[in-house]
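Below, subunit A partners subunit B and then partners subunit C, in two separate complexes.
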Partner chain A sequence: MEKKKLISWLYVIPVIVILISLIIFPLLYSLYLSFTQWDMTSFGAKPHFIGIGNFAQIFTDRRFFYDLGRTAVVVIGALIVETLLGFGVALLLNRKFKGRGILLAAFLMPVMVSEVTAGLIWGLIFDATFGPLNQIIAILHLAKKPIVWLVDHPLLSVIIADIWQWSPFIMLITMAGLQALPSTPYEAAMLDGASGWQILKFITLPLITPILGVAVVLRSMDLIKMFGKIYMLTKGGPGTASETITYYIYLQAFSFWNLPYAAALSFILLAIVTFFITYFFKMITVEE
Partner chain B sequence: MELASKKRKRMGKTTFICSSLLVLAALFYLSPFYWMISTAFKVQEDIISSPVHLVPPRLTLFHMLNVFTEYGGLKSLLDSLIIASIVTAICIIVGSFAAYSLARFRTGGKNLAFWILSNRMLPPMAFVLPFFILFKNWGLIDTHRGLILAYLTFDLPFATWILRSFFYKIPTELDESAMIDGASYITILFRIIIPLAGPGIAATAVLCFVFSWNEFLFAFLLTRGGVRTIPVLIPMLYGGHDILYGEVSAISMVATIPMIVLVIFFHRYLVTGLSLGAVKE
Partner chain C sequence: MKKGKHLAGIISIAMILSCLATGIASSQSYVPPDEPPYKGIELTVLCDSGHNFIPWVSKTDPELNNVPRIEHLLGVKLNCVAKSPDLFPTIMADLVSGAGHYNIIVYFPPHNGDLMGGGWLVPLNDYIKKYPVFWSDIYPIYRHLYCMWGDKIYALPYDGDVLMLYYRKDLFSDPKIRSKFKEKYGYDLAPPKTYKEYNDIARFFTGWDWDHDGKPNYGTIEDVKDLGYGPWLTRFASTGGVFFDENMNPRINTPGGVQALKDYKVAVECAPPGAMQFGATQVFKSFLDGLTAMTLTWPDIGPWVGTGKYKVKPHQVGFALVPGYVVKGKLIRRAWTGVGRVMAISKLTPPEKREAAFRVIAYMASPAVSLRYVSNGKTGEDSFRRSHDMTPALWHDRYPELEDYLKAKMLNTEHGYPDIYLTGEADYINTLTTHIHDYLRGKGTAKEALDATVEDWNRITERIGREKLKKQWAEEIKLFKRLGIWIEE
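Up next, the complex of A and B:
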């Protein structure tokens, strides 16, 4: 019995050691950095301890709070559309017809693209002079003059690119959920002569909500962490118009070279994400 | 009779609405790909023409060749391939042992399994700051090794957790009877668990590969041009002074097609993979 225990731990230890040295240790180092001041622009300067100064600074940093608000706008805005669109298309696909499999596979393609490629594709589409979107708008006479998408509506552009890439994920999850639904309540509802709308509202929605909740929590975390699309499309601009917390941390660290302050900010980000992680674990069921 | 025909009429109308909506959805999801692909094969004058050509009047392979000969497309493909393959191999090997232990012996209980997975969800922006300093001190900036280590932070927890759920589905009777025959744990893992979980392991490997292949943040901030994966090459070509829309579309297309093919093969496991095992099929 003792041997069994020893071997079972021996098998997980490599993963534990790797994760401690690649995640816990760097985060502890980052925590140390967040209590220091470090002039990285002058050669040979070392970080020196200053206590909670960086964390205190966050509370007076208006840019941070605006970024926090903008992050919330991105998360909520993208999530609402992604959920409605993904759920809606899943309902449309949830019937037997020819070519259903091919259509589903085609809709899933954006998910497999890197966020940089998604940014590129939409950058090309939104391009004010050479992009097709303004051309189509001109043909349909929808706007009087060309729209400079990435300057006039930077946050919206980023959100649209994300909706394109990730609403299929909600679609996929919903489809899996719909397939797992029991058929008895539907048969009973049919017998009682319920309308399609009533079936959707009183049977499908309540049954599918838990699964949709998991998808929403996962998407929220990814939206908070979004970086590549913003970098490709707007670089947080114009000004700070499309800057989220993640992007602000990047700027503080690698553009203003204030790594200690960026580290302090990253712990706020970690706290927010950890909140979602705990929520995720509460929602899922694990075989034991 | 009359009721049936009325019903059929109504059905016809719904089908029509549903089909039209699906066509709209297909337009939204697919036309962006069309634009990237058509840009890759357009002649430069047609890319930067006004009014915009929605359909390419002429086709060329110029950009496709140019991005490989002039802009380091081949080296980027190789860098991406080397890094993603090694990360995937490490994750599957190390992850399989851990997953076996977690699935069969409940090592560390639910908490250890959760802790391992939670690492997958932490924001990479929080690690990249200490990595930048530490990697600099250890000479890992701009190396394959450095990026491989960085990618383990998200792929290893993912692989361990997903493999655990695949191994869990294999009935325990098989290992028990092997145990009675005197098989060791390692024999059981390699002779019973791994062969039976074959498709699941392959799907996990594919997803680990795709995550590494597509990763941008670490690759962008922990390299200086000596190692340049495709996601780093793309913004370089896109943001420069010259308009290289054709070249950047071409390399994006080349990088994307293998991922899409892989995923079409393994789409059955996509739900489990992308939902981190929360939704099973």
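Up next, the complex of A and C:
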């Protein structure tokens, strides 16, 4: 018995070590840092306790609030389009037809590339002089002069790049959900002579909502912490036009070397995200 | 005249050779190959990647491949690491964490406030006494503001950046264009001396096809994307402006600062579409591909045009001192010496390795070795020694107009104006750049942009510590006064 216990601990200990060293310790250390001030650029300097000073500073930091607003724009804008697009394509592909497999694989390809690669690709696509997007717009006579996407519409450019990359993810989750739905309600509806729209509205949507809800939560968390695309496309610029809260935290931590303030910002962001996700799940549960 | 030029060149070469000979005789800077003094010492060099890494390791050009030569001469083993932009986070992470992985760091001098001021680098004064580095040959502005902090030397130069004015000589001398310009503006077309003239010329050349290729051309182009504050700074400096007063109160939102920002916006409006997303190399290419009539940018254009690879050829390019403003009846012209690169030794390098590290950077900064890479259009390095600019005959990419380029380079360097070299520089500059970019994109007025910057700068100063920064700034003011940059209000 003792030996069995020891063996089971041996299996669990590596995971505990990883959990503590990579998640729990950094979390607790960040929390400690958020209550300190630390002149990290001075040799030999140590952090010293300043209480809630960093948190108080956040509430007078205009840049934080503007970045929060821009983050909300990115999350809501990208999420709406990704959900509609992903759900729509899932409905279309949720049937057997020739070439379905190839089409599915083609739709899923953007998800396979890294965020940095996606940023690089779209940086080329959005190029005002040589980018294919402006070339297509010129051929179709949709604009009188080249659109400088990354200067005049930096936030929209980031959103477009993200929609291209992650709509297939919503599509994938929705398709898995659709295929797991029971067939009985559909059979009954067809017997009753329900139209396609009525089946979608009264059967498919209510049944798929919890699954879509999970996809939306996962995507919104990813959108809030999006960094690679912004870094590759715009670096938060021009000015702060495409700077989100995550990019600002990166700047505070690794450009300005103000780790305690970056830690405080991270915890405030964590609190905001936790609140919204809890509220969102409550909403879905109430609707059910 | 020609004889005089040749004589000057011969004298310059003779000076360099005699310096080298004296150096070899009186010091051990150049050690005979059979006595490498630092055998068994391994050093790691960190430098930014791309064409700035080439002077260390070049697989295609043996003349630029300095690492094997250093290893042969000194006996050290060099590991060279190239990093993409955002070198500063890599350096700080290595230092703050105590890892000390990098012994020699090649970085941008604007970070001097954090690296030198933070005490992260090894002072080099004692090593320089033992192994001369031809210190007075380095331009004063690079010597004092790139390499020193207080009275200690912490770095040796690697890349001497300064903004220069380049213009299309052929267009400026075209009779039809000259007549058209005079008719419109009432004065002769010539390299601009003031920013008013610069903007007039930029506007004049914008929006019409002066090179007859069927596409419109533009007046000018400057690096707005990567170093968006630099073109404003070079204008602001020419109004006699300074960043702070003696008490660290920001002094950038003066009428001069506001005018500089407004004039900067005019220049951006006279640039090709999408110019706000052009980095430095795209700026060079835009000018060298004949898209713009002028550019205010780095010295790289000189070596680049000398390669003959571009549409615009050397005989078509004029080189001049940057424009300025008339202040209290005097024309002030200041060229921003921002960015640049220096080589320093990390304080985390074990003491027994430091002399070897110094010998490595001294080798790379030595007159003959550095001339090889600053005169080669393949690298991103620009001249930082007087001897570089006085020896056109020894340049890698030679062309008839090279002397004109080098004279203009010297002139601009002698009118140089530095970055903010204080702790927290990244924060100050990021804030300034974001407000400038917002204004250039049409958000608010120039005064509002600079007032907002001043507000943010005060917050940064309080966070870092006003008294600490006042002391640092006081040292900078001494250097500014020594270089003739500080203008009393």
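Some notes on this structure:
To be clear about the criterion, the second predicted complex is superposed on the first by the 259 of 288 C-alpha atoms of A that agree within 3 Å, B and C clash if a C-alpha of one lies under 4 Å from a C-alpha of the other, contacts with A are read in each partner's own complex, and residues count from 1 in each chain.
Here, contacts are C-beta pairs under 8 Å (C-beta built on N, C-alpha and C of every residue); 3 or more make two chains touch, one makes a residue touch a chain.
Not measured: the values here are computed from a predicted model.
When the shared chain is aligned, subunit C comes close enough to touch A:Gly44, but subunit B does not. Looking at the superposed arrangement, the partner reaching more residues of subunit A, out of subunit B and subunit C, is B. With both structures placed on the common chain, the touch criterion links A:Phe65 to neither subunit B nor subunit C. By the touch criterion stated above, A:Met283 is placed in contact with subunit B alone, subunit C being left untouched. Shared-chain residue A:Trp164: touches subunit B; no touch with subunit C. In the overlay built on the shared chain, the residue A:Val151 is in contact with subunit C alone; subunit B does not reach it. When both complexes are overlaid on chain A, the residue A:Ile7 reaches subunit B alone and has no touch with subunit C. Contacts of A:Met221 after superposition: subunit B is touched, whereas subunit C is not reached.
Touch criterion met: A:Thr129 reaches subunit B and subunit C at once.
Judged by the touch definition given at the top, the superposed model places A:Phe256 against subunit C, while subunit B stays out of reach. Residues 129, 254 of subunit A lie in contact with subunit B in one complex and with subunit C in the other. Within the complex formed with subunit A, the residues of subunit C that make contact are 86, 88-89, 92-93, 95-96, 113-115, 117-120, 225, 228, 272-274, 276-277, 347, 423-424, 426-427, 430, 433-438, 440-441, 443, 463-465. Of all the residues in subunit A, the ones that touch subunit B in their complex are 4-5, 7-9, 11-12, 14-16, 18-19, 22-23, 26-27, 29-30, 33, 85, 88-89, 92-93, 95, 103-117, 119-125, 129-132, 134-136, 138, 164, 168-169, 172-173, 175-177, 179, 211, 214-215, 218, 221, 224-225, 227-228, 231-232, 246, 249-250, 253-254, 259, 262-263, 266-267, 269-270, 273-274, 276-277, 280-281, 283-284, 286-288. On subunit B, the positions that touch subunit A within their shared complex are 18, 21-22, 25-26, 28-30, 32-33, 35-36, 39, 47-52, 54, 94-95, 97-98, 100-102, 104-108, 110, 112-114, 116, 118-119, 121-134, 149-150, 152-153, 156-157, 160, 165, 168, 185, 210, 213-217, 220-221, 230-231, 234-235, 238, 243, 245, 248-249, 252, 255-256, 259-260, 262-264, 267, 270-271, 274-281.
Against subunit C, in their complex, subunit A makes its touches with residues 39-44, 127-129, 145-146, 148, 150-152, 237-241, 243, 251, 254-258.
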